[in-house]
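The two complexes that follow have chain A in common; it is paired with chain B in the first and with chain C in the second.
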Partner chain A sequence: MSTTLKSRAKNLVLSNGILLAIIVLIIVTGIIEPNFFAWKNMVNILRQVSVNGIVACGMTVCIMSGCYDLSVGSIVSMTGVFAILAINAGINDVLCIFIGLGIGLLAGIFNGSLIAAINGRGGEAFIITYGTQTVLAAVALFPSKGLFIAGRVPDGLFKLLGTNNMPIYCFLFVAIILHFILSKTQYGRKLCFIGNNMDAAKMSGIRVKLNRISYFAISGLLAGLAGIILCSRVTSSNPTAGLNYEMNAIAAVVVGGNSASGGSGSIVRTVIGAIVIGIMGNALNILGFSTNYQLIVKGLLIILAVALDILSKRVKS
Partner chain B sequence: MSDYILEMKHVRKEFPGVVALDDVSFSVKRGVIHALIGENGAGKSTLMKVLNGVYPATSGEIFLNGQQLDISGVKQAQAAGISIIYQEFNLINTLSVAENIFLGRYNGKQTVHWKALREKAKALIASLGFDFDVDKLVGRLSTAEKQLVEIAKALSFDAQIIVMDEPTSSLTEKEVDMFFPIIERLKAQGITVIYISHKLDEIYRLCDDVTIMRDGKVTGNSTVKDISRDEIIEKMVGRSLDMEYPKRTVTPGDVILEVKDLGRRQQLKGISFQLHKGEILGFAGLVGAGRTELAEAIFGADPADRGQIILNGKPVSIRSALDGKKNSIGLVTEDRKETGLVLAMDVTENTTITDLKSVSSGILLNRKAEEKVAQKYVDQLNTKTPSLHQKISNLSGGNQQKVALSKWLYSNSDILILDEPTRGIDVGAKYDIYCLMNELTEQGKSIIMISSELPEVLGMSDRVLVMHGGTIKGELAGRDMTAEKVMKLAID
Partner chain C sequence: MKKIIALLLVIVLALSLVACGSKESASADNQPAAETSTNQTTETSTEGSTTKRIFMSAAYYTAPYGSPLMAAVEEKAKALGYEIQIVDGEANADKQLTQFKTAVADGFDALIYWPGDSASTPPVVEYLNSTGLPWVDINTLPDDSIIDQCTVIASNEVQIGRELGKLIVQYYEENSFEEMNIAYVEGDSGSSYTIHLTEGINEVLADYPNIKILNEPMYANFDPAQAMTITEDLITKFGDEIDLVVTQDGGMFQGAYNAIMSAGKLGEYGIICQGQDLIVKEKLLSGELYASVAQDPFQEGSLAVEVLDKLIKGEAVDAWTYTPTGPIFAADIDNYSWF
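Presenting the complex of A and B:
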């Protein structure tokens, strides 16, 4: 009896170790600086994490399917550049949103089609999306010659997306819809099958290729949305705005406790992961640690998350 | 010195909530081949893992050459001269034969003496009566050759006792014929072999003594020549099986599937045959004869590039597994772990995957409906699982196979292609599957059964087609269905 209790406690720590560590950090920070707990600060943190959170939601789908999408950072940059160019060309702002989303979607479909065409798995996807990352990063630099472009953004939906708490609502909206799709629908079930065992999925009559394309399409589309929100917030575009976004998204997925090797996963975990990383950065800021230290902590956190995931799997089996 | 090289006395092994071994006493005479037989889950593997130091026993004693032995880890067992060769080999495909044999023991302090190592490896292989290049990568060896490397590795530890866990489960009949003399040779060298197998034929061919286990207990000990097949089976399953194969009761009806001149690349050539309603059509042949390739062509997973498939009189185009499924064809694959099931997911999820629409309301999956479906097939197939949400990886081979079958029954397949449906599963589960095959054909379904076990193909099929080199060599029916005739067609 006591052994099962002990192993249960062990399991609990292993599957939620990161969260426990963060809670400790939060409490310590809160004691040192009570303002940390202020509603305003919390909303501020949420606003900061929402763009990364949206990208991470798309990344969750890819990782669950057993692939990493390294191109999302470049898609964020590229979408922003083209959306602002379109705005400045006087195109209707709602249409500009769709142009941005369309660019992201197309980039994702491009990724997915390449990978599906060669029947690729995680390894191939890693390399191919690294390739598109490189290409799309350059495409984002061309029209702006590497410079900022200030946007003449009219009042309207485009502008609204980045104002006040709108990014938070977008993030939560995306998260809720996707969570629903992944956990309750046939599509989500097939995703788990493909992520666990592509061959068995194919042999069960699942259209692996078509589904594979859709995962990258979702990832691309959400990266596009993130790109638009990002440039709406600052009413300008920066051709390197999305630099390292793919890594931040992967970090959110993994720190939240999702398996890094696919086959299972949950958007709720990703949302928690994104928020946790945001809170941690904020807390370390308040405690007076420089960016360098923050990066060290973040890196270690990611390594720890993967280690805990593997360990908890071992304990369970 | 006592007659017995090994005596395990009153061994008990408990896992949380389960008694895996209950007062097991197991004695092996020096220099014999001793069969250990029992259904999956009977405790054979657990007993061997206790012997090999993988699991510590809860209580009990082990004597080697009359001296009590304290085995607390694999290293001690190896040092005491006990080696085990698992069903799934412990070899590294990207290393050479010599490197594999001496893995982790590359003598020499800073550098490896490759030359000495190679010579030692060569000598070991030679002592088994073989001669092959020890620099060859293990990944390039056939299964039979890998088996040899495993034995050589065991010998390199100066093993006195070698445990072999179902060594022939992935060998072809021809390879088995090559493999048995090696075991005889080990015996001649004074090495004791503990031989775990499901195959009674092999035990009568090879072994001196036999111990039978059921439900964690020993149910019988005998010399092989003093015990009949029926007695062994009865002690294994606790009930007497009248026959190993239930009687066929169905008279096949009209032609349901006709394959005309089917071909694919160089793998399949000019395949033509007919399958009747309610028929079990056996496909015999050696491994690599093209039977699995044919199954995948008919099912669509790897579609044919020539020829015609005619279903119920109408030509159909089957270009993918999805097409196969839509045309009511189901394929229970040869390798349930790699292509048949998703091990990390549960019984319910693996059952309903072939038709999620029927258990959904709109786009939503209906968990209750899914469980109902899964429960139905668990009951119908007598699948032993603690719950509908047990992960497949925690089920025994026979029960896994039943889930792999369930998914195609659920999708309502009229034609079931069963590729090695009883590979690596125990006698009880085999019998369940044979009975199910009869039941399904009674319901009007038709079955194509591919099997490398001749008695099974002959015992269960209405007709047998024999393949060789991607073509059908001949058809046997009625009295002509004999092992000799099949082998003659299969080998040529």
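Presenting the complex of A and C:
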């Protein structure tokens, strides 16, 4: 009996170690700095994680399929630059949103098509999306001339996307839709199958190439949405605004407890991962830790997440 | 199918290469300098080998400050009759050293070095001096141990910090605060620019014990979104204790401004920043930004080529040509360039 309890407790800690660690951090921060628990601060945290959370949702789809999409940071930059330039040129703001989303979607389809065409696995996808990351980063530089662009954003949908709690609603909307698709539809089950064993999926009649293109298309589309929300939030854009977003998104996926090697995963876990990283940053800011210490803690958190994932798998097996 | 895709890709690549080549040659004369600055470009002259060639390795090729700086370098070089090639040094001293070695082997006549940080400059400076070619250091100061071996065109970053410090004091005195608290958002933890600015501010504030920086060092990496997040968190922590928000550049000012606006504190906090971005100009005019401190990339780039030109001609130059700095208030905006 006691052995069963022990093993259950062990499993619980290994499966939810990061969550437990963050609960401790929340309690400690709340005791030291009561403002931390203020509703306003909670909303702040959610707003701060929304952009990364949306990118991370797209990244989850790619990681579940066994691939990483390194181009999302550049897509965030590029859509932001084009959208804000279009806004400044006086184009209708709803059309600007569609321009941004379209650019993201096209970039994603381009990535997916290249990878599917060469039948690339995780390694090839890593390199190809690194290549497109570099190309797209340069594409963002051309129209902006490398400059920071202040937006003249009129009242309307574009402005609304970045103000008040709208980024949070967008994040939750994306997360709920994707969670439903991945957990309740055939498409989600195929995704796990392809992520686990692509050859077997192909032999069982799944249209692997088309599915894989769609994974990168989703990732690109969501990066485009994130880019629009980001530049609406700061009413500006710059060609390096999305720098490191791909890594932050991967961190959110992994810290949430998703497997880094694909084949399984959950949007709920990604949402938790993004919020955990946001809470950590906010708590350390509020506790007065300088950025240097925060980076150390963030890095250790990612390492801990991967270690717990591996240990948990060993225990289960 | 695969063969067809491969063939198509090859054709697309070949066509795009041809198209790029023809476009460059067709539009080279008409293209504004600012546009060409975003590429790694070589502006080749048709006049033959008599034209001298300048090579520049830029550490911050994609930084907003870099674009007008490199545009000014290109423009001035062109005006003085030089060919110029600018490459991305990616703030990597080893890469920049290799770039310079290649440029020297390639027969360039003069060099411009924009280092990523001061500490990594000695080996590059040693090599540049060993080439015997005229060269200048731009924007980032070389390490103190070798600064006397260099011709420098840069702002005195500590002086920029002092100017920011003076503006903080001026704001403090104008508003008759007994005690004043500052939320301070810095750039990049490793860069000499960030360190020197903070050094200059602290130097001035040392005489004013009633002015206090509330927070531990918070680095937004010159990114508006990160600056927004940091400012939101600082507002959560300190709320009404904050009297003034100070940022180290115009991009971070934009982020901090949005955070202050979201928190409904616009008008309650004073804001001071460094920079000549267009958004800074706009908010100076609207009165929402108290003041800024000048650091002009156009002037810096132009001065660098002027000094290099003198070195090429064997004329004497100052060891350090300062890019002028000083406070900018709303009334002064017409005296400055904005980017």
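By our rule, the second predicted complex is superposed on the first by the 317 of 317 C-alpha atoms of A that agree within 3 Å, B and C clash if a C-alpha of one lies under 4 Å from a C-alpha of the other, contacts with A are read in each partner's own complex, and residues count from 1 in each chain.
One rule holds in what follows: contacts are C-beta pairs under 8 Å (C-beta built on N, C-alpha and C of every residue); 3 or more make two chains touch, one makes a residue touch a chain.
Nothing here was measured: the structure is a model prediction, and the numbers come from that model.
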{"item": "Clash or fit (per the criteria above) of chain B with chain C on chain A", "value": "fit"}
{"item": "Which superposed partner A:202 touches (first chain B, second chain C, both, neither)", "value": "first"}
{"item": "First, second, both or neither for A:71, with chain B first and chain C second", "value": "neither"}
{"item": "Touched partner set for A:142, first chain B, second chain C, both or neither", "value": "second"}
{"item": "Touched partner set for A:193, first chain B, second chain C, both or neither", "value": "first"}
{"item": "A:219 touches, of chain B and chain C: first, second, both or neither?", "value": "neither"}
{"item": "Following superposition on chain A: angle at chain A, chain B versus chain C, Cα, nearest 10°", "value": "130"}
{"item": "First (chain B), second (chain C), both or neither touched by A:33", "value": "second"}
{"item": "Partner chain in contact with A:184 - chain B first, chain C second, else both or neither", "value": "first"}
{"item": "If touched residues of chain A are counted for chain B and for chain C, the larger one", "value": "C"}
{"item": "Nearest Cα pair across chain B and chain C, whole Å", "value": "12"}
{"item": "Residue numbers on chain C that touch chain A, as the complex places them", "value": "2, 5, 34-35, 37-38, 61-64, 66-68, 71, 189, 215-219, 223-225, 228-230, 232-234, 236-237, 239, 250-251, 254-255, 258, 262, 277-279, 282, 339"}
{"item": "Residues on chain B engaged by chain A in the complex (per definition of touch)", "value": "16, 301, 320-322, 324-326, 331, 333, 338-345, 349, 353-354, 356-357, 360, 363-365, 393, 407, 411"}
{"item": "Contact set on chain A toward chain C in their complex", "value": "33, 35-36, 38, 40-41, 44, 47-48, 51, 117-118, 137, 141-142, 144-148, 150, 163, 230, 233-236, 238-241, 243, 281-282, 285-286, 288-292"}
{"item": "Residue ranges of chain A touching chain B (in the complex, touch as defined)", "value": "3-4, 184-190, 192-193, 196-197, 199-207, 263-264, 317"}
